[in-house]
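Just below sit the structures, each encoded as C-alpha cells.
Look for chain A in each of the two complexes below; its partner is chain B in the first and chain C in the second.
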Partner chain A sequence: MIFDRFSFLIFFIIFFGLYWNVFNKTIKMQNLLILGGSYVFYAFADWRFLFYLIGVSAFNFWLGMAMERSKKHSRLLLWLGLLQGIGGLAFVKYFNFFISSFVDLFAVVHITLNLQLINIMIPLGISFFTFRTLSYLLDIDKGKIKATTDWVNFFTYVAFFPTLISGPIDKSRTFMPQLEKARVFDYNLAVDGMRQILWGLFKKVVVANNCAKIVNDTFMDYQHLPGSTLLYGAFFYAIEIYADFSGYSDMAIGISKLLGFRVSKNFDYPFFAQNIAEYWRKWHMSLTSWLTEYVFTPLSISFRDWGKAGLCLAIIINFAIVGIWHGANMTYVLFGLLHGCYFIPLILNGTMNKKKKLIKGNVIPSLIELFNIIRTFILVMLTFVVFRADTVSQAFDYYRHLFSSSLFSMPVSLNRFALFASLLMLGIEWLGRDGEYALADFQIKWTKAMRWAIYYMIIFAIFYYAGSEQQFIYFQF
Partner chain B sequence: MDRNEIFKHVNEVFIDVLDDGNIVLSEETTANDVDDWDSLNHIQLVVAIEKLFKIRFSSKEIQSWKNVGEMISCIQGKAA
Partner chain C sequence: MKRFIKFLLIFTLPVVISGITIEVLLRHIPNDYRSKCNYLEKNSNNVTTLILGSSHDYYGINPQFFHSKSFNAAEVSQSVDYDYFILKKYDNNWKSLKTIVLSVDYPSLFSLMKDGSEAWRVKNYNIYYGLNTDNNIADYTEVFSNNLSINISRLYQYYLQRENLACSELGWATWYSSKHNRDLVSTGKTSAARHTIKPIRVLRDNVGYIKSIIDFAKARNIKVILFTAPAYKTYTENLNPAQLNVTVNALTKISRSYDNVSYFNLLNDPVFTKGDFYDADHLNEIGAKKLSTKIDSLITNPSQRQSAIPETRVKM
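Then we have the complex of A and B:
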C-alpha cells in the first residue's frame, strides 16, 4: 500500500475515521490502533517480513529495558543490539555484494573462488526502521532517554506506518514523547497536513513520474545519444529523484500531521543550496542528522588531534556510509565518496561551518546566489549519474559520452511537459522557500478563493497529467 | 581560574571560531540558540577550548554537555 495508490486512500479514510472518532478515548487505544494499522499497512506491502519487523521490535524493546536495569552489562547489551541491527541490515542488503566483491578481488590476482550467492529478499523499510531501533539503544546508552516499559509505544515507534517504508527517520527522543501524550484533533494542523500531502502528490505524480520516462530512455540508450541529451538525462534525473523522494516525504509528514504527529523534516529546498555543506543540511535531513549524531560527531571527536585532515577523514567515512546505506553497489559507494570529497575544499578553507543562507523574501536571487546555486546543482547533478548507473564503468562511460563534442549538438527531442513541470515545481518551491514546505505559507499569502483555485488546478494536474506509474525510488533502499 | 573568567574566555573562543562578534553566551545557552553552532563546528569549538585551557576532554564528557553552563563546569573541574 503506497501513498499514491487508491488502496491507500481507502485504508486511510477508514483509519482516520476510526482514529479520531472511535479509538480516541484513551492514549492506549490511539496507540493500539496505530500499531494495528501499521501492521496491516506493512502486511499489504510485504507480509512475509511482518514477523521480522515484530521480532526486531520485541528484541530491541527487551534490550532497552535490560540496559536500563543493569548498568554493568549495559555496554554489552548495546553491542548486542548493534550487532542485530547492523548485522541484520548488512546481511540482507550486502551479503551478495561482499561475496561478489570478494570474488572480484581475488579474480584480480587470477584466483577463482567458488562462493555461493544467496537469493536473499530484503524486508521492506529495513534501512529505515533499523535506524530507528539503533537510535533508541544509542540514546539509552548515552543517557539521552530512559528505556520505555510500554511495549505498545515502542512497537508503534518502530512501525509507525506513515514513515515506516521510507522515512523520515525519527529519533526516539523526538517521537516517543508524542506517543505518551493524547493527540487532540487540531483542525489547522490537519489542513496543513492535507496541503502538504497535495503538494507531495503533485511532485511525485506530475513531476517525478513524467521525468522518469526521459531518464529511463536516456540511460538505457545513452551510447547512441548526443552529449546534450545525456545532460538533459542527468538534469531530469536530479529533478526526478528530488520530486520523488521529497514528494513521498511531504506525504509522510502530511499524513502524520493528520494524525496529530510532528515528524522530522526531510528536505529544505536542497537545490537552492549555495555549497555542498548547505546541500547536505537540506537533503534527506533525517538521515544526515542521524549519521551526524551517531557517526560523524564521535569520529570527529576521536580524530580531533589531526586538525583538518582529521575532519576530512571523518567526512569521507561519513559519506561513504551515506553512499553504501543506499545499497549494495559500488556506484553508491562512489556516490558517497564523491560527496565526501566535495567537502574537502570547504574544510581546508574553513568555510564548511559558515552557514550560507539565501536572502529571505527575494523574488529573484542575487547574481552571486544564482552562481553558487547553479554551481552546487551541477556538482550534485553529476553525482546522480553514478547513483543512477547500474555499474561504475557504465557511469564513467556515460560521463565520457556526456563530455564529448556531441555535448554541443542538438539534443534529441525534448519532453516539453516534463521540462515545464520541473520548472514549475522549482518556481513554486523557490517562491515558498521560507516556509516549511512550498505551500506552507499559503494561508497567509493568498485569499481563500485563490487558494482553492490553485488546489483545484493541482488536483486536476494530478489526475490529468499523471506520468505513468513508477515505484517510489527510495522504496528499494 | 574563577567561573566568570572561564566564561569570558569561552565566549571569546565562540566569537573567534564562529566568526560572529555578536555572540553573548549564558549558562543556559545551547546550540539551538546560536545561529552558526552546529555539530560540524562543535568539534572546532572543543579543540579551541582544549588548546586555550591546556586541558583534555574525554569523548563521553564532550557528548554529555547539554548547555554552555555544563561545558563551563567541566572546564572548571579540569583547569583548577
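Then we have the complex of A and C:
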C-alpha cells in the first residue's frame, strides 16, 4: 500500500473520514487512530516487521523516561539507545557488507577468511524510523526536550504513516508538540496538501516512471551504447531520482497537511543550486539537517583545533555516513566520499557557508547563475552514476564508455517524451521556486478557473502518460 | 470540513465519471481471456488435451491439428502460477482430460507475470477469468492497469476502427503470420536479453507450481507433457547458459521423478527452420502447424517419445 496505488486511496479516504468525523472528539483518540492506521499501513507493506517497529518504539520510550528520571545514569542509557539504534541498523543493513569487506581486505594479503554471510531481511523504513528514535534520545540528552510520558504520542511519532517508510525524518522536538495540540480542520491547509500531493504524483508517475525505463535500459546495456546515450542515461537518472524522491516527499507532506500536520520540507529545488554546498542544503534536507546537528557539528567542534583540515575531515566523515546510510555497498560509500571531497575547495576558499540566493521572481537567470547551476548539476549528475551502479568497477566502466569518442555521436533512440516531461517539471519548478513546492503559490497567482484547468491537465497527464509502475527508489534505504 | 468535502466532490466528479465510463467501455471490448473463460465454462468437461503456458504455446500450438478435443489456454506472458490457477478453477470439470501440455521455456522458471513489466495483464485473470489472484485493487480494474494513452487507443481501435485481435475458437493466436515475419537477428538479441533474468528469487516457487500442476494431474490420472519450445539460433545463441541449464536440469529431474510426466527439449530442434519463425522466439502459422503436429504425435503415439527428443544442446 503505497501512495501512488489505488489501495492507498481507499485506505486514506476511510482513514480521513474517521479521523475528522469520528475520532475528532479528543486528541488522544485522533492520535490512537493515527497509530493504528500507521500499523495497518506498515503491516500491508510487510507485517513481519511490525513487531520490530513496536519493539523499537517501546524500548526507546522506556529509555527516554529512564533518562529523564535518572540523571546519573542518563549517559549510560543514551549509549544503550545508540547501541540499539545504530547497532540494529548496522546489523540488519551492514553486517554482510562488513563481513565481505573484511574478507576482501584480508584476501589482498592472501589470507582467506571463512566467515559466513547471513540471510537477513531488512525492515522497511528502518533507516528512517531509527533516525527518529535517535534524535529523540539525543535531544533529551542535550536538554532540548523533556521525555514524553505519553506512549501513544511517542509511538505515533515513530510510526507516523505518511513519513514512516521514506521520510522526511522529523526531529522529535518539531513533530511531537504537534501531537499534543488540538487539531482543527483547516480548509486552506487541506487544499494546499491536495495540491502538493497532485504535484508529487505528477513527478513520480509521469516523470520518474518514464525516466526509469530509459535509465534501466541504459545501465543494463551500457557497454554496447555510445557515450552520448550514456550521458543522457546519467541525465535521466538524476531527474528520475529527484522526481521519485521529491515526488514521494511532496505526497508525504501533502498527506500530513490533510491530517493537520506540518512536517519538514525535504527538497528545496536542489537542481537550481549554485554550488555543491547549496545543493546539499536543498537535497534530502531532513537527513542532512539531522546529520549536521548530530554528526557534523559535534565533529567540527572536536576537530576545531586543526583549523580547515579539521573541517575537511568532519565533512568527509559526515558524507561517508550520508553515503553508507543509503545501503551496504561500496558505491554508496564512494558516492558520499566524492561529495565530501567536492566541499574541500569551498572550505579552503571560505565559501562553504556563503548563500548564493537566486534573485526572487526572475524568470530568466543571469549568465553567472546559469553557469553555476549547470556546473553544479553536471557534477551531481555524474556522481549519481556511482550511486546507480551495482559496483564501483561498473561505475568506472560506465565513465570509461561515457568519456569516449562516441560521446559526440547521436544518442540511440532519444526518448522525446521523457525529455519533454523532465524539462517541463524543471521549468515549472523554476517558475515556482519561491514557494514551498512548485505549485504552492498557485492560490495567489492564478484565477480559480485557470487553477482548475491546470489541475485537470495534471490529472490527465498522470493518467495518460503514466509510465510503468516502479517502486519508489528510497524504499530500499 | 463540509466545504472541503463539497470541493472534493465537485472537483473529482468529472474524473470519476470519465473513469467509470472508460472502465465500462473497455470491459465491453471482446478479448481472449473472456472468450477462453467462456469456452472453458462450457466445454472443460469435454476437453481431452489442455494446452497451458506462455506466448510460445499461444502462438505455437494450434489445437486444430490435434486428433483429440484440445484447447489452448495459454496466453502471452502467462507464468506457471497462472497455469495452475486456471487448472484449479475448473477443478471439478476436467472429466475427459487425458493430457496437459505445458511449455517451460528459458525465462519461465525465473519470472512471474505479476512482478515484471507484464504485470498489467493480471487484471485480465481477475476480471475475465474471475481468478481473484491478488489483493491489489488496481488489478481488478481496466483503467488503473494501463495508462490512459493505451486505454484510449484500445477504445479508438475497437469502437471507431472496428479492429479487434482475437484468438481462434480453440484458443490459438492467429495473427503471427508468416507474411509479416520480423527480423530474426534483432528480435533474437532483444528477446534473449529481456528473458535473461539475474535474480533467481522465484525459481523455487515456479518449480513448486509446476509440481502442483503435475500432482493435480497425477491425482486424476492425467499425463503431463512438458516441453521447451523451439526458437531460432539468433535467440538461442544469446541465452545465458547457466539460466538455460538450470531450466533444462530442473525439468529433466522433474520428468524422472514422476511417471506421468515427459519432457522434451525442442529449443534447438532442427525440424524448425527460418521460415517457421515469426520472430526469433515465436513460431508463425507454418511453424505452429509443425509444432502442433509434433506434440499431437507425442500424445497419440507414446512410443515415439524416446526418439522425438533431440539432443539437448547447451552452450557453455
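Some notes on this structure:
Following the convention adopted for this analysis, the second predicted complex is superposed on the first by the 477 of 477 C-alpha atoms of A that agree within 3 Å, B and C clash if a C-alpha of one lies under 4 Å from a C-alpha of the other, contacts with A are read in each partner's own complex, and residues count from 1 in each chain.
Just so it is clear, contacts are C-beta pairs under 8 Å (C-beta built on N, C-alpha and C of every residue); 3 or more make two chains touch, one makes a residue touch a chain.
Predicted model only: the values in this text are computed from it and were never measured.
Because the two structures share chain A, they can be overlaid on it, and in that overlay chain B and chain C fit beside each other without clashing. In the superposition on chain A, A:F463 contacts chain C only, with no contact to chain B. By the document's definition of touching, neither partner reaches A:F396: not chain B, not chain C. When the two structures are aligned on the shared chain, A:L311 is found in touch with chain B, with no touch to chain C.
In the superposition on chain A, A:T297 makes contact with chain B only, while chain C stays out of contact range. Of the two partner chains placed around the shared chain by superposition, chain C is the only one that A:W452 touches, whereas chain B remains out of contact. If you count the residues of chain A touched by chain B and by chain C, you find the higher number for C. Shared-chain residue A:F185: touches chain C; no touch with chain B.
Applying the stated contact rule after C-alpha superposition, one finds that A:Y94 touches neither chain B nor chain C. For the three-chain overlay built from the shared chain A, the minimum Cα spacing from chain B to chain C equals 35 Å.
Common to the chain B and chain C interfaces on chain A is no residue. Every residue of chain A that touches chain C in the complex is listed here, in rising order: 5-7, 10, 20-21, 185, 187, 190-191, 194, 220-221, 452, 455-456, 459-460, 463-469.
Chain A meets chain B in the complex at residues 142-143, 277, 292-293, 296-298, 300-302, 304, 311, 352-355. By the touch rule above, chain C contacts chain A in their complex via residues 1, 3-4, 7-8, 11, 14-15, 117, 119-120, 135-138, 141, 143-144, 147-149, 152, 193.
Here chain B touches chain A in the complex through residues 18-19, 35-36, 38-44, 46-47, 59, 62-64, going by the rule given at the top.
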